[in-house]
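Listed next: structures, encoded as structure tokens.
In the two complexes below, subunit A is the common chain; its partner is subunit B in one and subunit C in the other.
Right after this comes the complex of A and B.
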């Protein structure tokens, strides 16, 4: 097949809504959405603010298989409220992970895959979102004792706020070049620290520091993949069979503290200086 | 918050530990003190302001890169030291964090990863059998709270002005939601999870106890004793449990309870 033919046959993942993403990643047989839109579990807080709800609250939970492995996908819908985590959507993810943990503890593991297109807490439900995210963090760490917990960030929203911490807790993190991963969204940093510190309109700077390529180069994500449904599916199929292992990104504390010692805190970080510092102290290149 | 280089968190940490010396080897912004709670060994941990901190975006008590990794180390070391102990030491997180750090260097070097390591440190301690109690002595904000305190088995809060829990400061929340600050304040009065005050937070069913003690009362011996007792009661209430189930689906988080119950029903198919 020529490159052009391959390009024409390639299906974009980034352009798909959350439900289609799940359907495309799972094996065709035995796909099953849990708490789908017909259950009408909607946000109790948005109508009080004259904001239209969505009948899945922007989160899709789907069980099925990937190869021979049982998986559950939790997908955040980037098109609803910026992929934000409200009470219902947050409880869907935390609750699904709790069910997966119960199964794993009974010797019947189900590998969680998190599709993290999210700005973090939905500010219209602030403290409910924050609480749910803490519960998601707890479940990810507990599940990692039993097997992989895989995070996927593809764009267009990126992964920010409390859910970037969730990404940092995943045992493997798969990203595209379009993906961004950071604690604070660019607008929030600009608001809190000023435009000199962080210009939220400077897209090249933002992608050079927070983009998927940089995160893989510095070891803060494991795999870079193209915006291609088949490629993402193949990569996930390889990762779902991984064995539990300590996660260097959270447990190799001494190396990260050594890295911080090499940072000049008042110099403006660039993609190059950051990569060099990581390469020297953590072995990432 | 009091003046200069101090905070409610620093003041309560000192009061609860009888002004014991913090352990060496941590940044000045992370105070780790091994003392007792009741008659049980306890490690107290607080993030405090340090006007001389290496990273300028984390000098007002924010949880930044150095703080995140130091918290992770304080927790990891406690778990390792008590690995074969019959009674694992209590962990007390004294919380007064205005936010996570906001900065370019912070994002470039993976602040989200530092906070993940800190959160995981508490999760691992709790799941290894350390009773973990948080005292909300001032602000418990956003990523700062997720990294320091939110993973405790039990949350205990002081009361009154200055004690706040939220996901984002009012100015930034207004910008992101395209509202005015007045608009955000109005909604905070009407929508429980959008409120900043601790009374509203209590209605969400997330607190184990709220004490009618002001954050300024750390020099009042009776108040300190009541806080100690409340923390010890929380440890007793934890018993042998290691998860967060005591606070899930309580209070006004009725949708959380409904979603979780329905998921458990349909999970197996």
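Right after this comes the complex of A and C.
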């Protein structure tokens, strides 16, 4: 907190809507949106339930370059329906990833970057949204064979539900301190397991367990970055050219099963005990 | 959800299309496209029912001036206040002018 000038010049990424996030990350030249808002690919399900649609269904797909690397960015709009994944928005991401896969197979790789800000499936679209999320998972796994697939979670929504699995499947996951990553969100855990298990109003506890810092410390995310457009862009520029690491997070199932064996469900987990458990069994922290 | 539509006389078609805002709490999305010469149409979908008169007053005040370029306006509203509505429409209209940076 000492460098006041740097703080004043910093441009927040978290505060930007999805389209601006893409525009700020891509090089100015040749950036273009695919299936943009004027195509009007909106949700067919929301109007039937008296809910206002958004012209891009809350997902922005943009092609361009980052440095000299061709990339495609898929960004979820956090403000629209809690960043939820509907049938159309999910299909846009899956389609963009399918195009990237075809390009990679033809020897012309385009690195996918997913800006995940989502509570998971849009409940109003149920199975149609889930099917789209499953396609996204499928594409990420296929794309990892060819190069990096980079996920970014910055906040304010975090990344939950089926899309938290998508985040986990990414070969590189970049998070901020404000980011949260979890299969179930705090309110869902409280509803299912009780307030003694998880108090969804206890914000320090939530971030200590689901927050970006903890996820990096336990090896479930690769890099921690500040809420700063330039810093996120620089970090991404390095990651898009790096060759992906071995995918221990999704392939080394035995180690995670061994970790689960050490957990005593009667004891309340804390950030410290969780980090220790991960350190002992997976070598993280 | 309620849908509303309004119609106004206007000048020649606007130079280009533009977008402002998102369908988030207290905000709205405004899509502007060049309209048919001499006519501006406004189609609104809003999450708040029963405030037709306020919408008419806000939209009338902006588009009643028939010297404006012809636009096809689409608004997807999620409970924006009249001030936010005016700001978002102004933001989008600024981008449709020929001098605006095209992006």
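Assume the second predicted complex is superposed on the first by the 281 of 285 C-alpha atoms of A that agree within 3 Å, B and C clash if a C-alpha of one lies under 4 Å from a C-alpha of the other, contacts with A are read in each partner's own complex, and residues count from 1 in each chain.
Keep this in mind: a residue touches a chain if its C-beta (ideal position, glycine included) is under 8 Å from a C-beta of that chain, and two chains touch if they have at least 3 such contacts.
Values in this document were obtained by computation on a predicted structure and should not be read as measured data.
More residues of subunit A are in touch with B than with the other of subunit B and subunit C. After overlaying the two complexes on the shared chain, residue contacts for A:77 are found with subunit C alone; subunit B is out of touch.
When both complexes are overlaid on chain A, the residue A:209 reaches subunit B alone and has no touch with subunit C.
In the superposed model, A:48 lies in contact with subunit B only, and not with subunit C. In the superposition on chain A, A:230 makes contact with neither subunit B nor subunit C. In the superposition on chain A, contact of A:248 is made with neither subunit B nor subunit C. Of the two partner chains placed by superposition, A:195 touches none, neither subunit B nor subunit C. In the superposition on chain A, A:6 makes contact with neither subunit B nor subunit C. Subunit A residues in contact with subunit B (one complex) as well as with subunit C (other complex) do not exist. Interface residues of subunit C, counted against subunit A in their complex, comprise 1, 17, 19, 22-25, 27, 29, 31, 33, 45-47, 74, 76-78, 103. By the touch rule above, subunit B contacts subunit A in their complex via residues 54-57, 65-66, 69-70, 72-73, 76, 99-100, 102-117, 119-120, 123-124, 127, 142-143, 145-147, 150-151, 165-169, 171-173, 175-177, 187, 190-195, 200-201, 204, 206, 243-244, 247-248, 253-256, 258-260, 262-264, 266-267, 269. The touching residues of subunit A, counted against subunit C in their complex, run 17-18, 23, 37-38, 47, 50-55, 58, 77-81.
Subunit A contributes residues 32, 34-35, 39, 41, 43-45, 48-49, 61, 63, 87-88, 90-92, 94-96, 98-99, 120-121, 123-135, 137-138, 141-142, 161-162, 164-169, 181-185, 187-189, 191-193, 197-198, 209-210, 218, 220, 249-251, 253, 256-257, 259-260, 263, 265-271, 274, 277 to its touches with subunit B in the complex.
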